[in-house]
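Heads up, the next two complexes both have subunit A, just with different partners, subunit B and then subunit C.
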Partner chain A sequence: MSWILKRIITAIFMVWLVTTIIFFLIRLMPGNPMDYMLMQLISMRSMSVEDATKLVQSYFGFNPKEPLLVQYINYFKGLLSGNLGQSILFPGTPVGQLLGQSVPWTVFVVGISLIISFALGIYLGTSIAYARGSKFDNILSLFGSITNSIPNYIIAILLIYVLGGLLHIFPMRGAYGTSVTPGFNLEFILDVIYHSILPISSYVITSFGGWMLSMKGSTTSVLGEDYIMAAKAKGIPTKKIKNSYVRRNAILPLFTNLTLSIGFMLGGALFIETMFSYPGVGYYLSTSVSGRDYPLMQGCFLLITVAVILANLITDLTYSKLDPRIRIR
Partner chain B sequence: METLLRSFSIIYKNKTAFVGFIILLLFIFMATIGPMLVPLETSAHPEEMFQPPSIKHILGTDYAGRDIFDEIIHGSRSVLIVGALSALISVSISVLIGIPSGFIGGFTDWILMRITDIFLTIPSLPLLVVLAAFIRIGNPLIMSLVLSLTSWPGLARAIRSQSLSLRERDFIEAARVSGLSSMRIVFSELLPNMASYIAISAIFAITQAVYAQVGLFFLGLAPFTSINWGVMLNFAVSQAGALYSSRSVSYLLSPIVCISLLQISSVLFVRALEEIFNPRLQR
Partner chain C sequence: MKQRLIWFLVSLLIFSSLSIVGAYGATLGTGWGWTLPGHYNPYVPGYIGFGGLIEEPLAYYIRMTDNFLPRLAVKWEETPSKVTVHLRQNVFWHDGEPFTSKDVVTSFLIGRLFGWDVWRYLKDIKAQDNYTVVFLLDPKQPNIFVTRWILTVRPQPDHVWGSLLPTNIKTLITKNDEKQLGEIRTKIMAYRPEKPVGTGPFMLKSITTGEALLDKFPKHWQANQISIDSVRVYRHLAAEASWASMFAGEIDYEWPGSPPTIQEEWLKRSGNKMVLPSDVSFYGLYFNCDRYPLSVKEVRQALAYAIDRKEVTQVALPVGTPVDVPTGILLEVVDKWLPKDVQKDLNPYSYNPDKAESILKSLGFKKDQEGWTTPMGTKFALEIITPAGWADWARQAENVASQLGKIGIKVDVRVIDQTPFWDREHRGDFDMACGWFGFWDFHPYFGFNGFFREYNGFLPPTYARPTYKGVGFGPEVEVSGIGKVNIPDTVIKLQTTKSFKDQQKLIIALAKAFNEYLPGLPTLEKRLQLFYSTNRITGWPPEDNPLWYNAPGDAPSVLALLISEGYLKPAK
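Then we have the complex of A and B:
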């Protein structure tokens, strides 16, 4: 019980630390975005200092002229009440609203990609571990290492170029076309799936190899365990051993990686989302960075980091349930 | 020298390791000597733009009439320099954190590992992108520093557990009994025993740095200061419209082929090395 409490406190501490670092990056860096924006408003648009301060305050959620500690407290008050400031690139839109719109897209595309590459990796990994040293193993392992080492944005650009630009089979960008009306209708849903095929493929092609190779390694080491030998000696059918003895034990170490990947999900497809202009969290993060939209950038980064911290916590808390052997701490 | 020859003969016997190694050598040759052999033409030649590959221009010319082959050669330099430099920095940090942590233990271990955990938690790619907004990552050194900031924690943990297990071995015990100082033990006993592991991790760190670096340039998230494969890709898509017209196929494909080949050969090489030095993986 006490280490559960300890883990929760650590997680809260991490969230506090990251938010604080971001605050000081925005507030104290030389030429920091707030001072820069104030200066620009005053000199370029000849605003009065008060008006400019008010405008900057509406963007960031705290007043740059107050003492630093007061700003810091107001910043936290804002965060706790869900106020992440206003976007600069999308004028008049609260950052929270933009994030709310973008999270489902990322969860949809990266979630499906993750499920497909994990399932594919587990299945193929066990198969090649059983066929160790065969031609099937050699070819698939080599193929897996090659696709796993090519950067995902390279696969994305090739897919966009060949299937989008040259052959016009798939759309090159966006989450849905302009001709459909967003809502719960079949046309829209089909269009969304149609648009998601290339981003999902880029993700799956470059990541299933990693899962496959670690599953192969994990399965191989489980196959050498005594309890497998015992099961064989008892005369349990091979198929049953494969499914309920080998696979279940071999998957365990990969589950940790899976839950961690779920945490990294929001930021994990940053390059792919940007390539396809797919309106997820990663796309908004890189758009906000190139457009110097600091409130939006801060919101995206906070959201991504908090998701990772939460996933870490959940991994730690559930792993001892999945594998009773590591309960002794 | 003898160990060098022996490692080379091991590499020679393993087919994938050898192929990967040769391709890597070619890339290193390209980045070090290449730029001296082919001068870079920076001025535009509008009359020669979008030339198809020919004897004069092996890979054709880009949207400003510059030779693509020259750009590939010169672009390799910054890609490899940043890759190697950030691997060096991140391996150094992880050795400096991991070895004391595992070897001394106690409070030192606790505090160093908490710091590592913090860096391990922050998602690296988003952090890189955010840092790119605050720091002008113009020169290769700053780029490498930023990249290694996010890549050292995992390795530091691995090195810690390696030194934790080595610490209990007999030969370390023997060295301690014979009165060697901790410094001597670390440098003459501990580090040599981890050398292969550290070398493998360094190559992995290079591939990570190349991935992140080229990606940042490609998506225009880092300022373009010198020619680089990522910058070429960015220009191919944004300036030359390579996705819509077939006349700049070569401009788009050349950096793609180079980046993929570099990554594939490093990974094949390093996986083969892993198999050689860690025989448990083989069966």
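Then we have the complex of A and C:
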């Protein structure tokens, strides 16, 4: 119990530490949105410095010239009360609201993609490990290596053009069409599923190969273990050995990667979201970085940080359940 | 069980695909990007605008012909003290309310709170009657463009926005009661109309993160000559997404920056066309006149001789037009403003690397195997900064670096994130920087004001910032054949000079100063690539139609004009 408590406290400390580092790090980036907008207002609209500063303050909701420490204290005060601040690029919109709108879309598309690519990778990885050296292995391994090394936006463009543009099988962009009414109704849900097929496919095609090749390597090493030999000698059916002995043991090293991927999932799939005009977190992350929207950037990074640390914590806490050989000391 | 699951998934897929059947109708397709989540408050960043398709100005300024195309205003009179605008009658907002002078007054008053440029030259605004608005000009701030700035405003409805302004708003503005004005501003910024309410030819029917559907506004004052029933706007955030959409046949009009291979592929297909109007801007290089050795006029001239602008154009933007003589004036209007005898005295800085080397040697620069050494004994090495994400500018910078490298001048190209790039350009923290010239208007005032004042640290003194020096050129220079010219003062004088002859004198002085001192080197005049298809929509005008020249910065409004003026019709 004390070990669990210690891990939880460490995780909370890590969240604070990373958030603090990010807070100061992003302010070290060259250029800031306030000065830029100030300059634009002064030069393009010929406003006086005083008028422009007032307007910038109205837009941003805080004084851009405030000392860094004061900004940090205010930020943390807000954070503790669940307030992530106001976006700079989208004045009047709380960061929490922007993330609240985008996280479900990202979790939906990237989450499903991750599950599919992981499941497919595991299944095929085991199969090709069993068929090492066969044509099936060679073709799938080559295919997996190639698709895994192609950037996902290239596959996205191909899918958009061929399946969306030429064949008109799937919609080319957006999370849903203009013909449906957003809400909890069947037509909307089906349309959302329909619109998600190409983004999910782009992600799956470019990521299942990685899982598959890792699983192949892991399975191959498990296949050489004495207990597999013993199981075979005992006459246990091959299917049972494959599923219960080999796959379950080979999957363990991939489990950590999976939980980390689940954590990073909340960072969105930037290029896929851009290509498909999908309203996920990746869009806001990229927009906030290029526009130096500090509060939004902090919000996105905080989300990723918490998710990754939480995923790590869950891995630590559950690993012993998956692998009984490991016991919490 | 497994089979059942597979059948379930397949039927789900088929059923969901059926749900969108019929979503693609025979409408005009176009595309551009807008920010999410977006809103319909035009006074706050993040506003989703559809150009002239939804909101109309009082009049369009047609850049190419230097005249106006009346919209919500039918006529106007200008005197030294006021501009009187007569509004069109029987115009309706999309929610059915009539358009009146109240809408114009409210829009301008809100604009005053948000620092609209035009208010620098206005004293007051009054509704004389329901369809007449009087703009009182500030005699201390005369400006020859004030009428244009008044007429190109797109009014917002008073019945939507008016309630956010207190009845004593004018008194608060006169008193400059910043506390109360700030509160009103905050209230306006927080307001989020459910839909955009305009008077334009189309109204927003529905919008998603991927597309918007606009339907024809049946009560539009030009409705009888509008033949397009709806416009579908696809949200394209990347050129690659636009190309996929174009080649898939969704697009009737779009303008993504495209390499020659895409243009060729587009034109190969039946019915597809492209026009290349000027972007009404140049781009090229800014030289830091405050940093040795670029502070030496002859060094800048030597660099100009060493750069082949035709090659730069070929590499950076083949559809662009190389600048033959650097003057700071857009190529289309050089003959209008610079008489032939003035033009023949200008130096074209034709490509001549030998001359570049001889100029440097005459200045005391020494060349060896390592490169050039300045007379001060330092290495002559330069850096070009260019913003990330602008591929043609990056190609320009790389090509210039390569050309200068050929004569032994070492040039590094540094690609910088957008925000710090513009910051450094304004602050003058560069040797050479890629930059704009021309500034999207054919009148040379805008090009000179942008380059000689905005990017050169010469905003009016009360507005100046201590760290702001830009290119660092001037303020006073001795121009051959003219004498002393105060650069920022001449630009300011230009904006208050009415007669063509007097304007021409000032423009000649500025052009000659630019040509002789070369604080910057425009390399090419940018051209927009407007792709259109005649397969579904016909009636697109030829390339020399002045309306195309309104596309820079506002391509959707050209579409609105072509539709509402009756050019575009569905193909039979």
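As a convention for this text, the second predicted complex is superposed on the first by the 263 of 329 C-alpha atoms of A that agree within 3 Å, B and C clash if a C-alpha of one lies under 4 Å from a C-alpha of the other, contacts with A are read in each partner's own complex, and residues count from 1 in each chain.
Just so it is clear, contacts are C-beta pairs under 8 Å (C-beta built on N, C-alpha and C of every residue); 3 or more make two chains touch, one makes a residue touch a chain.
Computed from a prediction, not measured in an experiment: that's the story for all the values here.
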| item | value |
| --- | --- |
| A:I197 touches, of subunit B and subunit C: first, second, both or neither? | second |
| Which superposed partner A:I160 touches (first subunit B, second subunit C, both, neither) | both |
| First (subunit B), second (subunit C), both or neither touched by A:T274 | both |
| First (subunit B), second (subunit C), both or neither touched by A:A131 | neither |
| Partner chain(s) touched by A:L260 [first = subunit B, second = subunit C, both, neither] | neither |
| Subunit B versus subunit C as contact partner of A:I314, first or second or both or neither | neither |
| Partner chain(s) touched by A:I236 [first = subunit B, second = subunit C, both, neither] | neither |
| Superposed model, subunit A: greater residue contact from subunit B or subunit C | C |
| Which of subunit B and subunit C A:S145 touches, first, second, both or neither | first |
| Contacts of A:L285 with subunit B and subunit C, given as first, second, both or neither | first |
| Subunit B and subunit C contact sites that coincide on subunit A, given as residue numbers | 29, 153, 157, 160-161, 164-166, 172, 274-275, 290, 292 |
| Parts of subunit C lying in touch with subunit A, wherever the complex brings them together | 12-13, 15-17, 19-20, 22-24, 35-37, 44-46, 114-117, 120, 178, 182, 185-186, 189-190, 192, 205-213, 232, 234-238, 240-241, 244-245, 247-250, 416-423, 426, 454, 459-460, 462-463, 465, 468 |
| Subunit A - residues contacting subunit B, complex | 14, 17-18, 25, 29, 132, 142, 145-146, 148-151, 153-154, 157-158, 160-161, 164-166, 172, 217, 220, 224, 264, 267-268, 270-271, 274-275, 282, 285-286, 289-290, 292, 294, 297, 300-301, 304-305, 308-309, 312 |
| Touching residues on subunit A, where the partner in the complex is subunit C | 29-33, 35-36, 39, 41-49, 51-52, 54-55, 58-59, 89-93, 98, 101, 153, 157, 160-161, 164-166, 168-180, 187, 190-191, 193-195, 197, 274-279, 283-284, 287, 290-292 |
| Residues of subunit B defined as touching subunit A within the complex | 16, 118, 121-123, 125-127, 129-130, 132-134, 207, 211, 214-215, 218-221, 233, 237, 242-244, 246, 252, 256, 259-260, 263-264, 266-268, 271, 281, 283 |
